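Two complexes come next, and they have one chain in common, chain A, joined by chain B in the first and chain C in the second.
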Partner chain A sequence: MKFLPQDQLEAFLSHLAESAIVVAPQRDQDGVLFFQPWEAGAEVEFEQLLTRQSPKDYVFRQTETYLKFGYEMKGKAAAEEEEVGKKSKEGELAAAEEAPPEGEEPAHEVLQVEAVEDAPEQVIFGLRPCDARGYYQMDQVFGGYGGFYYDPYYMAKREATTLVALTCAQPWSTCFCTAVYGSPSGTDGVDLLLTGIEGGFTAEAVTERGEMLLGFGGFTEVGDGQADAAQTVKDEAFTAIDPPFEIEGVPQGLRDNFEDPAWHDLHMRCISCGTCTYVCPNCYCFNITDEMVEKSGERVRTWDNCFNPGYTLETSGHNPREQKFARFRNRFSHKFSYYPEKYDSLLCSGCGRCIRYCPTKIDLREVIRTLGQPHPDQAAPAEDGEAAGVHAQTGEDL
Partner chain B sequence: MAKKRDKTRPTKDQAAPAETQKKARTQDATDQPAGNGGNHVGRQAPEIHNPVKTGGVQSGGRQRLTRDDIKPGATIAAARNAAGNPYLPEPATIVEIVPETHNIKSFRVRFDDDQVMENFSFAPGQVGQLGIFGVGESTFAINSSPSNKDYLQFSVMRTGEVTTALHNLSVGDKVGVRAPMGCGFPVDEWKGKKIFYIMGGIGSAALRATIHYTLEHRADYDDITILYGARSPDDLTYKYDIDDWMARDDLNAVITIDREVPGWDKRVGFVPAVLEEEQPRPKDTIAITCGPPIMIKFVLQSLEKLQFTDDQIYTTLEKRMKCGIGICGRCNMGPRYVCVDGPVFSMAELRELPDEM
Partner chain C sequence: MSPANGNYEAVEQRIRELARAALEEGRVDYFIGWTTGYNESEVIPGFVRSADKVDDLVWNPLAAYNLTTFLKRKMPDPPQAKIGVAVKGCDSRTLVSLLQENLVDRERLYVVGVPCEGIVNRRAVSKVFANEVVKIEVAGDQINVTNQDGETKQLAREDYLLDHCRSCNYPNPRYFDDLAGEAVPEPEDQTPMWREIEEFEALPEKEKDRLMAEAFEKCIRCYACINACPVCYCWDNCVCRSRQPKLVGQKVNAQENLMFQMVHMFHVAGRCPSCGNCDRACPVEIPLYLLHRKMNKELKEMLDFEPGIDLEQKPVFQTFDVNDPFGQH
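Our next item is the complex of A and B:
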């Protein structure tokens, strides 16, 4: 562990910026806090706990061109085009059609396809452990863990990315990382963890990459009591979060409650806007579209929103998740039940942005509390205390 | 062709019965390749493992990594090199277009790179993404025979943006193919069993490669029945196959249409009803079905009535897909993705999944 005095912060950022793009929380002209590329002299803001959006965009781009292609005509047809306006040599062309002379290609289309690679070295500085954990959880999906394919676009950027996280000193009321196996000083995905104490930050390397960052000359050895002070910050933050639900059993609970009528009640005020999916540091579903101008084009992938009915709409008109409650159910089930069945984690790191920014005040914690309790006996559901109350209540609403 | 197949896929039918050889020749005649027949004798195809369903648990496969392959840090680069870029379509050219019905065309495509074409292999039942650069990609069953090294066939019904654009293409036009994807049918597990295909409409496309495979390995299987129904005679796909099936005496082909029309000399009736008339015995029989969702639903009911058990029934599903490699998220049924865990599912597997078909 080392110590970075407050007055060395800018020098450290400048040092990092020498060899990489530094991305740090900064206010835009409207005063909204976002992760943005940092330039010397710009003010970095660590006071506000969370940025409006997670920094996932820097590894998993909101819009990313991954393929470029172009068509070109070669051979006879191309020659024909060139001869527009001239007197055509009909006889020769007819002959060429029958048997192209040696060396002359018959008309054909040439297609060029090129994969786009764009993975600059970058340091994401000052992100919170929940956002870092978002990467850690997406890494399993894009990295091919558990028998899946390897995504070269995400992983190239991820490999070129260093995460310098900052311990949360004062969690918000919407924070619930401790309920989903996280912590305000969690290190999943983190390379270097900073913890704000009096006069600066303690710095702990979590990975080799983080260890290298400690080579910067501005770091000092930790002084008396500084390590303890950092530990106190961590402990206080951890205890400040009251886990809103008990995670054990939630994956099974969601499976058991798949047909529960409470889904119909809870989803009602959802307007399918997708804000929760866009602000989420874990949501990774995407769409692929082609864009074409004349003879050249691009294949683009963009963040998608699983609440959009078109997300699963098939060309025949059939839609496996036609109703909104089914799409609503799929998102929570994916995060807390489907994903953990395949990977070693949950697809939620407890940042609480979805709660904070939902325009209709849908609360993930409420959904999980209501539907994440396993049925003790599936044949006779809603018999135990809490679950029975909830179900009776929603039953009335229906 | 049969001889070449035996080199890469050694099976018990090294000494193929006469009818299989005859079949192979017939196929040569009907599936006439446009390109060079490909005398690639002597070249060794690389080991490509095409995953198939084995006892309901998927096995690993081409470009698919296990948890052990990827550990954060050191091995990532190695894994990437091994995996390649699964998003990059292989450029291919349409060599032949076969009109099947008023709205279905079969596209026969060859990879532009001969080496890729030669090394390509797939398990019957696997699918591919066929796309036009500038329009997009869609998922279709590869319905040419796995032994066909000259082209891949995809049958496309004109319905949406990509399929309409595909229908507007001509021979010689360029497409992009990402294949094979998903898991095929466990044809090896079925050896020695009776095979009963039940298909309706365009569902035939999803089973055609498997039918070809089982017919080419005819000696490995007991009785084979193909029950195929369509709305009208004009809606029947692969009429060239049907003629061949009717002519063969080593399989039972039952062709049915929904309503009587003048001149029709085969069966009339909906597929589930005809299935019940046929009364296949469940003992040592595998039933494989594909068709419109409503047909599948009633076929499953009929099979239950006939006392088929869940592990004797297989189907292959379709969903809207984008990435085709289990990442983009939309083709899931519960925790399973149709693109990588399917499209082939046994009824036993489907029972475990939420009903989001």
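Our next item is the complex of A and C:
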């Protein structure tokens, strides 16, 4: 463990910026805190606990361009190409029938494809342990866990990224990391963990990459009591969070309660937007489209979310999750039941952004408390005819 | 806007009584009002299905949410539900717009009107502390804000009202079945105020472009704005979300984001009274309601039309009148 005096913070950031892009929490023109590329002199804000969005965009980009494509004319001279373009269909056919002169190819289009490289060395500085844990979960999805798919786009960026996390000294009322196996000083995914104490930060390397960062000359050895002071900050933060639910049994509980009528109450104020998923450090769903003008364009991967009507829309036109309550149920069930089944961990790190920035403040904790525990009457198959009748979904509009 | 009479509790009690009666008499399947959120600084939409739960409902100047959003298609559960809903002045205007176009079934609605003296800008209030705000309380002309350390700051209510409340000419609901409390005085001078729009209009074009790019750069295309919008009703068939056909690009950048917002702005023109639900839903705080204010200014000046004022009024884009101010040009 080392110590970084407060007055060395900017020098440390500058040192990091010599060899990498440094991304740190900064306020925008409206006073909203975001992770943004840092430039010397810019003010970094650590006082506010959480940024509006997690920094996942820097590794799992909201718009990831896979490749650019287009067509290029080959064969005859440029002037003739233009002529071909202007000819009527009959003219083109006639031209095609003419044998090309010896040694010359007929005019034809050739597909041009250009790969896009986008994996700069970067340091994400001042993210919270819950944000870092988001990467840890996504690493499993994109990193080939259990023999599943390995995603080169995500992993190239992830491998070029160093995470310098900051212990949360004062959790918010919406924080619940300790309920989902996390901690305000957790180190999952973290390379270097800073903890704010009087006069600066203690710094603990978690990985070799983090160890290398401690080579910066501004660090001093920890002084008397500094390690204890850091431990006190961590302990106080940990106990400040009152776990809102018992996680044991939640994956099974959600499965048992799949048909529970309570879903129909809890989803009522959901407006089926994607805010919760786009501020979430863990959510990783995406779509792939070709964004084109005429015949050239880009193949892009953009974030998608389970509240999007097109998310489960099938080619036939059938949508298994046409109703809002089903989309709502999926989000929680995926995080706390389906994902754990496949990856043996949770897809939630307890940051609470989905509660705070939801337009109607839907409370994940309430959903898990209500539906995450095995129901006594859910052991038997659903036979609550009355409840099922009340909520019969006919698909008719009001 | 008149000074607060602070009689929130009486109105709150009345809302509860009206909701209780409607539920007990089976006139509604559920009642939508406002309730307290994850802490006492948040007031959120509250759905009550039984009379014994009506005391969860609250009324105070944090009740910003326009609940008529939950009446639009695909929202009610079950779809044929009879619904009770509480509306403020601006909320009632979106309801009137929906009713004018037969987009909600009047027979299945029970509307409780709530006279309103202005809603507090929670977003601005919550920024007076760097750490978490846990309680906001409005007492008369004063707002008391408390943070997680228990420190309290006192703010003048007048300084922290939502912008559109300052220029509101319709604090009393335009449509309701029962009114929860006494109507509040309406401003004598009904001349619309467009100060912030006129300021923007006066800027050089390049500066406008810069500000628009800056604002829409940070849009994350979560579509909270359009889904929170009571009068944006295409729901699952929005052209901006469609991939087949692809009408608005899926790339998230200032240009595409602005295109998406323009679609919303033009599509709700004539129904949108700029209630600000989109603005408050935006997780990244883009001042969206300014777009809709601008559209309302154009409608007023070109067609002498204000959305959602009168149930008998014809939707502006379904009429043609040679006497429109626009027709005079």
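What to note about this one:
The criterion applied here is as follows: the second predicted complex is superposed on the first by the 336 of 398 C-alpha atoms of A that agree within 3 Å, B and C clash if a C-alpha of one lies under 4 Å from a C-alpha of the other, contacts with A are read in each partner's own complex, and residues count from 1 in each chain.
Operating definition for what follows: a contact is a pair of C-beta atoms (placed from the backbone, for glycine too) under 8 Å apart; a residue touches a chain by one contact, two chains touch by 3 or more.
For clarity, every value in this text was computed on a predicted model and none was experimentally measured.
In the overlay built on the shared chain, the residue A:326 is in contact with chain B alone; chain C does not reach it. Looking at the shared chain after the overlay, A:342 reaches chain B, while chain C stays out of its contact range. Using the contact criterion defined above for the overlaid structures, shared-chain residue A:29 touches chain C, although it does not reach chain B. Look at A:143: by the touch rule set out above, it reaches chain B but stays clear of chain C. Once chain A of one complex is fitted onto chain A of the other, the partner contacts of A:287 extend to both chain B and chain C.
In the superposition on chain A, A:151 makes contact with chain B only, not with chain C.
Comparing which residues of chain A touch chain B with which touch chain C, the overlap comprises 287, 289. Per the touch definition, chain A reaches chain C in the complex via residues 28-32, 34, 47-49, 52-53, 62-63, 170, 172-174, 264-265, 267-269, 271-275, 277-279, 287, 289, 291, 298, 300, 302-303, 305, 308-310, 319, 322-325, 355-357, 359-361, 363, 390-398.
Of all the residues in chain A, the ones that touch chain B in their complex are 66-67, 69, 71, 108-109, 111, 113, 115, 139, 141-153, 155-156, 159, 207-208, 258, 284-290, 292, 297, 299, 301, 304, 306, 311-316, 318, 320-321, 326, 330, 333-334, 337-339, 341-342. Against chain A, the residues of chain B that register as touching in their complex are 58, 60, 63-67, 69-70, 72-73, 76-77, 79-80, 83-89, 91, 132-138, 159-161, 163, 172-174, 176, 293, 318-320, 322-323, 325-335, 340, 354, 356-357. Across the complex, chain C meets chain A through its residues 30, 37-39, 42, 44-47, 49, 65, 69-81, 83, 104-105, 108, 127, 130-132, 134, 148, 214, 218, 220-224, 226-228, 235-237, 241-243, 246, 249-253, 280-281, 283-287.
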